[in-house]
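Note that subunit A is present in both complexes that follow, paired respectively with subunit B and with subunit C.
What follows is the complex of A and B.
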């Protein structure tokens, strides 16, 4: 029996459980001997002209070796994403654009000396009006980049989609709603951290990143170095969730500082720095217009998006493209249009956060469908039944332009409804309403489809090397261009290699996140690692087996085509005569080769589209507005599952983050652009106490896109759960006349919505 | 100030600044980097260690306050500290492994120490006891479900 599809416990765990892992701050390396510690001085003002930075007093503090201001850093600014003219300097030069923007950096002998000295750096700023919120940005009264002439970074789509007569506006039933898909903080438990050392002419950087190769390439660009002269190492990484895909300016400036002082430099930020200066996610304002017939048929849909990109356009400037591509969701609607505008504001830059553009699309259409269902007086599950794309095994192209690979949305919906006991829940809800129970029951349904590996066909590299050693007589070393940081990819890759080589999975060691050990590579994000990285390693394993099979055939004096590998024992033998064979170790020894090795690049023909359906059950105290999530049933279909244990872990984590968006978490700035959620005491990171145990429903619809049949599972939970929980809260209040509550559905908002609807 | 702590069963004497937090003393002075720092408001629990057998957030006490006391960190919890041998795991570590109670591993040392302390105080907790008991330890990866399962499994309340 194959190891694939079984619940193999993780090979990563023992080290993490006993020694606590080696994160960037923990790295002890001879090249970092004598490293200085960088402490960034950050803007306390959201927007202003930078008049001067006085570092004299800071320089006299104990342990201070150097203090650097922006004008001294002679690296070209990093061009803005989508709009290159909105470029970002490493340290602010003549203007500050958000609270937390680095202005200067203090280098000290010991880490604790840094904050003492940084406090004495005097930053002289002439305040300018802040630009907070997308409306203020679109008004273009105050410009972040006067030389660009507008705060608009990019614009795409159909500006008149909401009003065009052939769109939803021309339908029998038209429902509109403005919704805020609020700004979130990724909150990896490990904050950002980097270390840089010049080793002769070579640059070595350790970085807490999801993409060592991406950081490598950014450093090559920034410093104009030969790619071979840069090595980036991602040690253990304590979570990323999209926010650590790209290198931040603080990461990229460390080598410059190290070169200036002639010593290695390392940096570990504080949580407050992380909450204010690491990229945020989401931050879209939506206006949905949905149209159809009274019988529940949805005929047209328009999604208007304004994306708050924060002070400098990063990945956030690109997110609406993903949202627009996925605008149609799971529905067979002929007319779907969308429009996006991306603006800069004087707030923390926005980039990817788990789901990155797709949760926003799902949240919009799933709320819209519920609003439509309420308008026509039909059950939301029934409206979905009538409008879902039927099962398809050949690619399906939506009106929004995306080509879904495989899917069976009606089956996912029915499985989730059945597991939840949907009809009984509705009966219970009716009983409570009848009895005037102050604790209202809310039932929320969502269906979702998302795009993984990015909007285009992805690619990844992997290699497999079999060499003598270890208990099994040989050991296998696998390299991957993915950069896992908690997903358990090493376990999944070891299982794939075991399946193809017949060698035990615990004889497989996986290396990743080191640009010297794996040439090329794209990292871990967009739920891409198993489907692309796994397919690449699978290809390499198949090639290595083929090499060994040919050697075994020579040694057994048989025709190559007659020799087979017994996957159960890992022995090569002539087909039909298993008694005479060669183990991997024997093949290697007899051939006199030190190792067999193959490298394989897998390129997909298109992205994959995982899907599913979630049902949430909430209780709302109508007297206080307090919401409790009682149940969350999640049917998630990510194609073929290599390791159900790992897949469940991904789903659990995603569900928790999705629930957190619906009910708890939000990054808040005041009108002056001051962050009000800059610590874990202020930002409502979801804890164990708020969550129930999730009820998972399995479903596997394989994809033809890769040989594993696998789609991505990393983000599905986040994407499906947010609208299910959000719909449940709104559903709980429907009988009180509440139509919509924006996320997060905090007690205050819910209480206000009830008060406004009932007074 | 000179202080002496018993850390994972070994007497360690150091000269520390009065303002030094226990977590920085463990990490930077004693080189025990298994204990992590995840926030600056005592909210996340990544730095949880045992002080005389009871869980404390080591960012909320000064190193000098630990003078004369016993500290246990993740490195000292298993029989053989930090050598990666699965055979040497503490039952709570074993349960985290079996139940997939960790992903990136950053919250794990603190979470494990908090769980050890929780089970010491309440050897037969309900699911709700565990969820409320671990409220001060944040995890961003697991959604807590398998952490809760692991703690219940370690308590013998669910089958491993």
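What follows is the complex of A and C.
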């Protein structure tokens, strides 16, 4: 029996759970001997002209070796994403654009000396009007980049989609709603951290990142170095959720500082820095227009997006393209249009966060479908039944332009509804409403489809090396260009290699996150690692087996085509005569080779599209507005599952973060652009105490896109659960006349919605 | 998250702590469990120049009945929330207090934080002060001039301000025993570990003062629901009394709720607390 599809426990855990992890701050390396500690001085003002930075007093503090201001950093600024003119300096030079923007950096002998000195740096700012919120940005009254002439970073799509006569506006039933897909913080347990050392002419950087290779390429660009002269190492990384894709300006400036002072430099940020200066996610404002017939047929849909990119256009400037591509969701709607506008505001820059652009698309259309169902007086599950794309095994291209690989949305919906006991829930809801129960029951349904590996065909590299050693006589070292940071990918890769080589999975060691060990990797994000990285490692394993099989054939004096590998024992033998064979160790020894090695790059022909359906049950205390999530049923289909335990872990984490968006989390700035959610006391990260035991429903619809048949699972839970819970809250209040409550559905918001609807 | 520089002194007795406070004046702060003070110091919102650690004074952690009549529970100021919550004596004699202690923060906080630390911090968002107000507790403090007792009603004087002098140490909390008396605690928060957006501690004592109702997060300091208590003494119905829950309060507006919402919550939660306590 193959190890694939079984619940192998994570090989990573014994080390990580017993304190054996090595995070960037833990790295003890000779090249970091004598490293100085960087403390960034950050703007306390959201927007202003930077008149000067007085560092004299700070320079005199104990342990201070150097204090650097922005004008001294002679590196080319980081071009803006999508709009290159909105470039970002490493340290602010003549203008500050958000609270938390680095203005200066203090280098000290010991880490605790940094904050004392940093406090004494005097930053002289002439305040300018803040630009907070997308409406203020679109008004273009105050410009973040006067030389660009507008706060608009980019615009794409059909501006008249909502009003065009052949769009939703021309339908029998038209429903419109403005809704906020609020800004979130990624909140990785490990904050950002980097260390930089010049080793002769070579630059070595340790960085808490989701893709060492992305940091490598950014450093090559910033410093004009030969790619071979830069090595980036991502040691253990304590979570990223999209916010640690690539490098932040703080990471990129460390080598410059190290070169200036002639010593290595390392940096670990505080939690408050993480909450204010690491990129945020989501931050879109939507206006949905959905049209159809009274019988529940949806005919047209328009999504208008305004993306708050924060102070400098980073990945956030690109997110709406993903949202637009996925605008049609799971529905067979003939006319789907969208428009996006991206603006800069004087707030923390926005980039990827778990799902990155796709949760926003799902949130918009799933709320829209519920609003439409309410308008035509039909059950929201029934409206979905009538409009879902039927099962397809050949690619399906939507009206929004995306080409889905495989899917069976109706089956996912029916499974989720059945597992939830949907009809009984509706009956219970009716009973409570009849009885005037102040604790209202809400039932929310969502269906989702998302794009994994990114919008284009992705690729990843992997290698497999079998060499003498270990209990099994040989050990296997696997290199992957993916960069796992909590997902358990090493376990999955070890299982794939075990399946193909017949060697035990615990004889497999996986290396990753080091640009010297794996050339040309891409990293871990966009739910890509198993389907691309796993397919690459699978390819390498197959090639290594082929090398060994040919050697074994020579040794067994048989034709190569006659020799087979018995996956159960890891022995090569002539087909039909298993008694006479060679183990891997024997093949290697007899061949006199130190190791067998193969490298494989897997390139997909297109992205994959996992999908599913979620049902959430909430109770709302109509007197106080308090919402409690009672049940969450999640049917998630990510194609073939290599390890159900790992997949469930990804789903659990994703569901929790999705629930958090619906009910708890929100990054808030005041009118002056001051961050109000800079600590975990104010930013409501969800915890296990607020969550029910998740009810997972399994479904596997393989994809043809890769040999594993696997799609991504990292983001699915987040994407499906947010609208399910959000719809459940709105559903609970429907009988009171409430039509919509924005996320997060905080008690006060819910209370006000009830009060406004009933008075 | 590195505090500003400070000196650290460990006191092995209350007298030594008082002496250290006298020496260092207002720049010194007592450190007990540290779960209010240390986060403020890490954020540099508090920058005391000297910390006087009283956390290891073992004889300030106890729960015992007054020998004379057994009607007053004496609780050492360094008694940790977890010990308060699990004390058989407290659960029997003042169940409200044990319950309130069990709902503070999370297990880590409850195993480090102390009742004395929570009380002298005077945070209107803390649960224990409201409970002590409802229970009409007395705070015993000791200073260079000796010991004095302060009724809870006179102890909380303003935002994070109390009647304790800079050179005094809170040593004991005395709580009238109320075995078998109806009580309730309504803690309204979004997440289990959060401070209450609004909290209500109620105990249906029938003595001279009548029922006691304390409010969490309804003003700059811990306070009692005076209007509710007055209405109950006058024989009003629970509903009528609860309608006066926000009388005399001055609730804050913050990320978790507006003042208007808190006033509404106070009325709902007081009604629920009174119903539970009377049920």
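Rule of thumb we're sticking to: the second predicted complex is superposed on the first by the 758 of 759 C-alpha atoms of A that agree within 3 Å, B and C clash if a C-alpha of one lies under 4 Å from a C-alpha of the other, contacts with A are read in each partner's own complex, and residues count from 1 in each chain.
Rule of thumb we're sticking to: contacts are C-beta pairs under 8 Å (C-beta built on N, C-alpha and C of every residue); 3 or more make two chains touch, one makes a residue touch a chain.
Since we're looking at a predicted model, the values are computed, not measured.
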| item | value |
| --- | --- |
| Touching partner for A:26 - first (subunit B), second (subunit C), both, neither | first |
| Touched partner set for A:748, first subunit B, second subunit C, both or neither | second |
| Partner chain in contact with A:237 - subunit B first, subunit C second, else both or neither | first |
| Contacts of A:272 with subunit B and subunit C, given as first, second, both or neither | both |
| Comparison of subunit B and subunit C by subunit A residues contacted | B |
| Touched partner set for A:17, first subunit B, second subunit C, both or neither | first |
| First, second, both or neither for A:656, with subunit B first and subunit C second | first |
| Contacts of A:676 with subunit B and subunit C, given as first, second, both or neither | second |
| Touching partner for A:112 - first (subunit B), second (subunit C), both, neither | both |
| First, second, both or neither for A:623, with subunit B first and subunit C second | second |
| Subunit B and subunit C contact sites that coincide on subunit A, given as residue numbers | 111-112, 270-272, 679, 681, 687, 689 |
| In the complex, subunit A residues that touch subunit C | 111-112, 114-116, 119, 270-272, 623-624, 626, 663-664, 668, 676-677, 679, 681-682, 684, 686-687, 689-690, 746-748, 751-752 |
| Residues on subunit B engaged by subunit A in the complex (per definition of touch) | 17, 20, 24, 28, 33-41, 43-44, 46, 73-75, 77-78, 81-86, 88-89, 93, 96-98, 100, 102-109, 112, 127, 130-132, 134-148 |
| For the subunit A and subunit B complex, residues of the former touching the latter | 9-10, 12-23, 25-26, 111-112, 186-191, 236-239, 241, 270-272, 485-488, 645-646, 648-649, 651-657, 679-681, 685, 687-689, 691, 693-694, 717 |
| Of all residues in subunit C, those that touch subunit A in their complex | 1-2, 4-5, 39, 43-44, 188, 190-194, 197, 255-258, 261, 264-265, 268-269 |
